[in-house]
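Several structures are given next for inspection.
What follows is a pair of complexes built around chain A, which joins chain B in one and chain C in the other.
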Partner chain A sequence: MGKYSDDPAWADVTPLPTDEGGPNPLAAIAYSEEYEETMSYLRAAMAANEFSPRVLDLTEDLIDMNPAHYTVWLYRAHCLFAINSDLKEELDWLNETALQHQKNYQIWHHRMLILDKLDSCEGEGEFVERMFEKDAKNYHVWSYRQWLVKRFALWENGELEFTEKLIEKDVRNNSAWNHRWYVINGREGEGVRGITDPRIREREVDFAEVAVAKAPQNQSPWSYLRGIARKGGMPLSSLKDFVSQYASLEQPDEVRSSHALDMMAEILAEEDNGKQQAGAALDMLAQKYDPIRKNYWEYRKGMLGLPSAAA
Partner chain B sequence: MTVEGRNYGLPDPRLEKARHVKYWTRCIKTFLPHQYTGNDSNRMYLAFLMVSALDLLDALYTACSEDERRGFIDWIYHCQHPDGGFRMWPGTDFGERADASNAKWDPANVPATYFALSSLLILGDDFKRVRRKQTFQWLRRVQRPDGSFGEILMDGRVEGGRDPRAGYCAAGVRYILHGAKKHAPEMGDGNEDINVDDLVRCIRICQMFDGGIADEPFHEPHAGYTFCSLGCLSLMDRLNTGKYPSTDERYGPSDVQEVIRWLVHRQTNILDPGGALDSEFLGTKTAKLDPLEVDKLLTQTSDAQAVPEPSSSSAFAINTECAGMNGRTNKVADTCYAWWSGASLHMLGQPNLYDQTAVRKYLLEKTQHPVLGGFGKFPGDLPDLYHSYLGLAALSLAGSDEVKEVDASMCVSKDVRARLSGLWEAWDVENLADDAST
Partner chain C sequence: MPLIKKEDPEDSLDERLQNQARIEELVSDGDDAFEDEDENGASDDSGIPFPGKPSKRQRKMPPWLQQATINLFHDELVTTTSEAQQKVTAECLPLLTEEDTGIFSLNTYGLPHLRRDQHASFLRAQLERLPAQYQVIDASRPWLFYWTMAGLSFLGQDVSSYRDQLIATVSPLQNPGGGFGGGHGQLSHCAGTYATVLALAAVGGLRMVDRKAMWHWLGSVKQSDGGFCMAVGAEEDIRGAYCAMTILTLLNLPLELPPDAPSRKHGLTSFTDKLGEWVGKCQTYEGGIAGAPTNEAHGAYAFCALACLSILDAPAVSIPKYLDVPALVAWLAARQTTPEGGFQGRQEKLVDACYSHWVGGCWDLIQAALPDNSTLGEDGKDIWNRAALIRYLITCCQQPGKKGGMRDKPSTRPDAYHTCYSVAGLSHAQNHYRYNNNNQPSSEGRLTAAFNWTASPPTEAEMREWKVDKEDLVEFVHPVFVLPMGVVEAARREFEQGGF
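Entry: the complex of A and B
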C-alpha cells in the first residue's frame, strides 16, 4: 500500500525502517506514511550502495519532503556522477527545488558541485534573478552569486552594474551594497586594487553620497562610506562637509540622519579640542535622534573620556 | 491608561510561564506535527531546544518523569556513532545492514555532537557512555587545512559548509570534553588538539567593512554568524573584548569596537514584516504599514533630485518603549535575533549597550503567543520550537527573572554549565582505560 511497496520495479528491495532504539525517542515527528516509506527505501538503497536512475527518483522524493537531510544530497551527487546522468536536467530540477525551499543550505552546495562539473554558468544569471524576485536579500543566493563571480571570473561582466540596478530598485538593500563591496574589493588578494585605488575610491564616495541624498536615514551607504574611509586609507574628516549637510551642531533641530550625527561625532573627536563638541553630538543622539541606543552613545562618550550626561 | 502613547499605571508585561511550560511539555511528550518532517535530519537540535527550554523554565524535572528522562538519555546514546561523535537522528544508522562499504553514508555530525553533549549535560547524565577519546580524535579530522570546520566526514573528506556554525559547535564539543585546559588525557601528548590558531584566523578574516561578522570573507554580516563566531572564540578562551590590540592574531574579532557598533545597530523599531523595508512589496502591503515605516518607504522611493526634508524625526529610532533586534542592516526585527545579537553583546562584556527593557516588551507583548505559549518569529505568528526557545533565552539575557539565568556563549542555563567542572574533575582522575570507548 505505497508508492514503492506497490511498484514491481522496487520488488527486489527490502525496505529498512529506522530503529528509534527505545520507547522514549526525542523530537519524534508524526511522519506521513509516505515519508516513512520513502525513507525506509532510501535507507535500503544507501545500505546497498545502489547507484541507478531509480535512486535518483527516490532521492528526489525524499529531498522534496526533507531537504535538510545531509547525506542524501551527497548520495545523489555520487549517483549522478556514477551513472553519467545529464547534469543540465539536474539543474532544471534544482531550479524548481530552490524556489520551493528558499532557506535550505544543502541545495546550494549541490548546485556548486554540478556547476563546477559542467564548467559553465550559462543560464545562472537568469536563475539568480528569479530567486531575487522572490527575495532580494536571500542570504544563500547572494553567497551563491559571490561564488559564481569568483568561480567563473565574472568580475568585469556587468557585475558592478548589477549592484547598481538592485540598489536603484531598493536603496536599502544592504545585501546589494555588500555585494558591491565584494565586486570592487574581492580581488585585492590577487593584486587587483579596489577601494585603495584613488579613482575607484572617488567614484564610490560619489556613489554612496548620491544614495544618502535619496534616503538620509538609510544606514547602508553610511556604513559603506565608513568602510571606504577605514579600508581605503581616507581620513573620515575629508567627509566633514558632506556630513554636515545632514547633521550639524550649529543646527541641532535640523539633523536629517542619526548616522551622519554619529560620523560627525567621530570626525569632531579627532580634531584638536573637538572632544567636547563630539560629546555634544553624542548627547543629541542619546536624547533626541537615536534614544534606543542611549546607553551606547553614553558608552562612546566614556571612550572619549567624557562624563555621562546627568539622567 | 494611555498618555501620549505611553502606558502608565499598567503592570509590566509578564511571561505566560504556565503556557510556555505547557507548550514545551506537549512538544517533548507527544509527536511533533508532520510540518517538522523537513527537520527530521535536525532532530538532535530540536531535542536540545526542548530539554533546554524546560530547564530554563525550571520544569524539566516536573514535566518529565525519571523514566522518561532516562529514555531521552538512552535515545541520545542511541545516536552516538561507533567511531565517536553523534548523529542528528537514527535515520542514517543501517543497523544490521551496516558494513564498511556503506559506512560513509552514516557519518557523525559536528552540530549534532554539540547538541547531544549539551542535552546530556542538561539531563544530568554522567557521560560514562560518551566515547570521549574517539569523539575528540574525530573532531580534529573534521577541521579543514584552512582552519574551518565542516559538519561531517565522508570518505575522509570534510563535507558541509565553511561557516562558523560548525566552528562554534566544534569549540563547544572541545570545551565540554576538556574545558579550558590545555591538556587532557583525551589529547594525548598535547599535539592532538584542534588547530585553534587557524580557527581564530578563519573568524578574524570574516569581519566586514561595516564591522559585522559574516560566514565567509566578503559575505554580508549576519547576527547569527556573529554570535557563532564570538561564541566559538569565547569557548576557546580567545575572545578579545578589548583587552588585546587588534593586531594580536591569537584573539578575535579583529576590531572589537566596530563589532559593538554593528551589534547595537541591530536594535530596531521596525517590527512588522508587512512593513519591512523591502520596497518590492510596497504596492501590495501598504495597508499594513504604520506611519513610521511609510515615512521610511517614501524617503526610499524618491529620487535624488527630490530629496525630502524629513522635518519630522519619525524616521529615527525614537520608540524606546518597545524595540526588537534584527539580523542584518535594514531588516525587520525577529524574535531569534534578540538572542543572537543580545548574546553577542553579553559575550563582549557589554550587556547594557542595548535597551533590554524595550526587548523584553517586544518579546512579551509582540511575539509571545498569548494562548499557546511559546514565541513566534514575528508579531502574531504561531510559535515554533526555534523561536520559542531563543525567545526564552533572549528574555533571560534581557533581565527577566522568570527564566533561569542563561549562559551567553553556551546557550544553556548557568546551572547547567556549572555542572561541567564536576565532570572535568572526575575525568582528571580517571584512567583512560576506563573510557567507555574501550
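Entry: the complex of A and C
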C-alpha cells in the first residue's frame, strides 16, 4: 500500500507509527500517507540504530517532504559517516536542495559537517555567492561563510574584495559590513592584527568614509567607524573634520545625517569644556532630527553630568 | 490600501506556512519573506507618501510622524535595502497617521482598540487539527503550544482547561534520555524543550517532565567553551544558552553538571561555568549581540543574551560584568525604526512586530542593569519610546476581519508567532517591570535572580500619553521567562525542594 510497506527491501522492518498522545491531541497535523509512512520507518530505523544505504534514501525522501526536520538531517549525517558514503555525491544533492529551500537552516549545518570531513572547499565560495543573489542578508549563509573562511584559512583569498563587491552592490547591506569586520579582525587570537594595525585602520576609515558619502543616513558605515574607534584604539576626535561635513553645531539647519550628529555629540563630550556643546547636539537630535529617540538622547544628555541639567 | 482588501481572499495557507516554518529557529527573518511575497498591492494608488505629500487630515501627530520629520534624510542612492524600506514606510504611514483606520473601532484617543477576542480566537484556532501542508512545521509543533498558551494568557484568557490535553499531546515528544523533541521520535532539542516546558508551565502541567532525565540531557549539550548546543551534534548558539538556563531554573535542576556530561572532561563542573564569558563574546563591534561569536548583531539574540545573564545574577551585576552596556544601549535604541515606531532586528533591515518582544523586552532587563545614579529616576523614565511601539502594534499589526491575529507588518499574514510576540511586546510597552534586590533569598543550589521581578500597570497619565484605554491593557509578562508572572511564581514554589 505504500512505498516502503510494499518494498521487499524493507520487509524486515516493523514501522513505528506516530503516537499522537491520545484521542484529542492539540494542533495535530493531518499528515499525508506518504509522510506518515516514511516517518514510521525512520522511527523504526532510529530505534534499531540502523545506518545503511536504504536509510540514506529514506532520509532523502523525508527531507524532500520537510526540509526543516532537524532530526532527519542529524541522523543522515551520522549515517553518511558511518557507512563511508561518497561525500562529493552528497554535496551535489545538497546543492540542489539548498537552492530549493533557501531559508532552510539545517542545510547549512549539514553542509558544514560534510565539508569538514571532505577537507576541501573547492567551488564553495562561488556556491555561497549564488545564494546571496536571492537574499544578500541571509543570516545562516553568512554564518556559514564565516565558518568556511576560518576552517579553510581563506582570509586572504579575495575575501576582502568579496565584501567590497557586496557593499558596492548595496552599501546598506550590514551583513556584508559585519563580514568585512570579521575578515579583517577574525585572527586576533592567532596574533594577526586587524584594525589595531595603523595601516589597516587608515584603509578601513577611508573605506567607511567613502561609503558614508554615498548615503549619509545609512547607519552601517557609521557603526563600522565607531567600532574602529572602540576596538582599534583610535580617538573619535580624529574623525571630527569628517563628521562635521554631515553635522555641525555651526550649521544647525544643515544636518545631513542623524548618525553624524550622534557621533559629533560624542566627540564634543570628550573635549575639554565640550559638554555644553555636546548637550546642544543631543538637544537637536531629541527635538528635531530624531524625535522618536527623544528619551534616549535625553538619557545621553543626563550622562554628561552637566550642572543642573533640569529640563 | 492594504486594509481595504476586505474579505481576506481565503488566507493563502502557503504564506502562513512560510511565516510559521521560518521561525522554527526562534528568530524571524521576516523581512526576507516579505521581500519575496510583496509584489501585489499596497502602493499603486497611494503613491509614495513622502516627501512633501500633505496629510489629508490635520490631526495632531506625535513628533516622529510630523511631515517635517518624515521629510528628513532621504538619501538619493537607491539600493535593494532602501527600496524595501520605502515600500514598508508607504504601507504603514496611512495606518500610523490614522488616515486608514476606518475598519477598526477606535479608543478614546482615536487609535484602534486591541482586538482581544479576535486575537484569542485566532490563537485557539491554531490548536485545531491542521491540514497536511503543515507537515513542514512537524519539527516545531512545540512552538505552537507555547505561542498559543502564552499569547492567550497575555490576552487575559484562562488556559488551564488545556492542561490534560497538552500533557497528553507532548508525552510522546519527551525522550527517555531527557528533553523534548519537535515531535514523536525526534531528537531532543533546546528550542522544542524550552517551548514545551514553558507551555506546560502556562497550563500548570510541569509535573509530567522527567526532571532527572532532563538534567542529564542538558548536561550532554553543555559545551566546554561555556555555551550550549541546540541538540547533540547540532549548532552552538546563544538560543541554546538562554533556553537551557531557563529550563534549568524553572525546574530547579542541580547546577552541578551530571557525571556523564562530556564537558566535565574539560574541567567544567557547573552549568554556569564560562557561560557569562561565552555570552560576552557574542557582543559585536556594533554593540549588539550575535547568535554566536563574530556573527552579525541581531535583536532576538540580544534578548537571549540579556535574559540568560539575568538568570545568572541580578541584571545590575551580571550584565555589566560581561557586556559593554553603553554600546548595547545605543545599539538597542537605534533599532526603533522611524517613522514606523516598531523595532527592526538588525541594522538597515525592516520593522517586524516580533521584535516588539525581542528588542522591546530588552529594555526591562537593561534598564534594570543601569547604575542607580543614572537619569532613570524612581518615576521610571525610560530610554525608549513606548508610545511609538504601541502605535505601530495597534495600527499596523492587527489583522482586520473576523479571524484576527497579529502580523509582522501590514503586507503580511498573521500567525501564532507574531501574535504571541506582538502581545508580549505590547505588555513590555504598557507595563512597568522592576527588579527588586534581595526580594528572594538565594536558596542553596538554585539561581534565584530571575524570580525577583515585580510588575505594575501604567499610571493614568501614562495611559493618556501613550494613548491607551484601560480595557486595552494586556497582562504582565515575566521579563526573563516570557510567561505570566503568576505562572513563574508557581513554578518557583512547585520545585522549591529541588532534588529528584
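The working rule: the second predicted complex is superposed on the first by the 299 of 311 C-alpha atoms of A that agree within 3 Å, B and C clash if a C-alpha of one lies under 4 Å from a C-alpha of the other, contacts with A are read in each partner's own complex, and residues count from 1 in each chain.
Simple rule for what comes next: a residue touches a chain if its C-beta (ideal position, glycine included) is under 8 Å from a C-beta of that chain, and two chains touch if they have at least 3 such contacts.
Everything numeric in this text was worked out from a predicted model, so none of it was measured.
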item	value
Combined model on chain A where chain B meets chain C, clash or fit	clash
Contacts of A:G21 with chain B and chain C, given as first, second, both or neither	both
First, second, both or neither for A:A77, with chain B first and chain C second	second
Partner chain in contact with A:R43 - chain B first, chain C second, else both or neither	both
Contacts of A:V210 with chain B and chain C, given as first, second, both or neither	first
Partner chain in contact with A:S175 - chain B first, chain C second, else both or neither	both
Contacts of A:G279 with chain B and chain C, given as first, second, both or neither	neither
Touching partner for A:N138 - first (chain B), second (chain C), both, neither	second
Overlapping contact positions on chain A, where the chain C interface meets the chain B interface	16, 18-22, 24-32, 35, 39, 43, 46, 65-71, 74-75, 105, 109, 135-137, 139, 142-143, 146, 169-175, 178, 181-182, 185-186, 214-220, 223-224, 226-228, 230-231, 256, 258, 288-296, 299, 303
Residues on chain A engaged by chain B in the complex (per definition of touch)	16, 18-32, 35, 39, 43-44, 46-49, 65-71, 74-75, 101, 105, 109, 133, 135-137, 139, 142-143, 146, 169-175, 178-179, 181-182, 185-186, 210, 213-220, 223-224, 226-228, 230-231, 255-256, 258, 288-296, 299, 303
Residues of chain A that touch chain C when the two form their complex	16, 18-22, 24-32, 35, 39, 42-43, 46, 65-71, 74-75, 77-78, 103, 105, 109, 135-139, 142-143, 146, 169-175, 178, 181-182, 185-186, 214-220, 223-224, 226-228, 230-231, 256-258, 287-296, 298-299, 302-303
Chain B residues touching chain A - in the complex, by the definition given at the top	28, 31-34, 36-44, 46-47, 50-51, 67-68, 70-72, 74-76, 78-79, 88-95, 97-98, 101-102, 105-107, 109, 119, 151-152, 154, 159-161, 208-211, 215-216, 218-222, 257, 260-261, 264-265, 267-269, 277-280, 296, 299-300, 302-304, 307, 309-310, 313, 315-320, 323, 328-331, 350, 352-355, 358
Residues on chain C engaged by chain A in the complex (per definition of touch)	21-22, 24-25, 27, 29, 31-33, 35, 62-64, 69, 72-77, 79-82, 126-132, 134-141, 144-145, 148, 162, 165-166, 168-173, 181-187, 189, 230-235, 284-287, 291-292, 294-298, 324, 327, 329-330, 333-334, 336, 338-339, 341, 346-349, 374-376, 381-385, 388
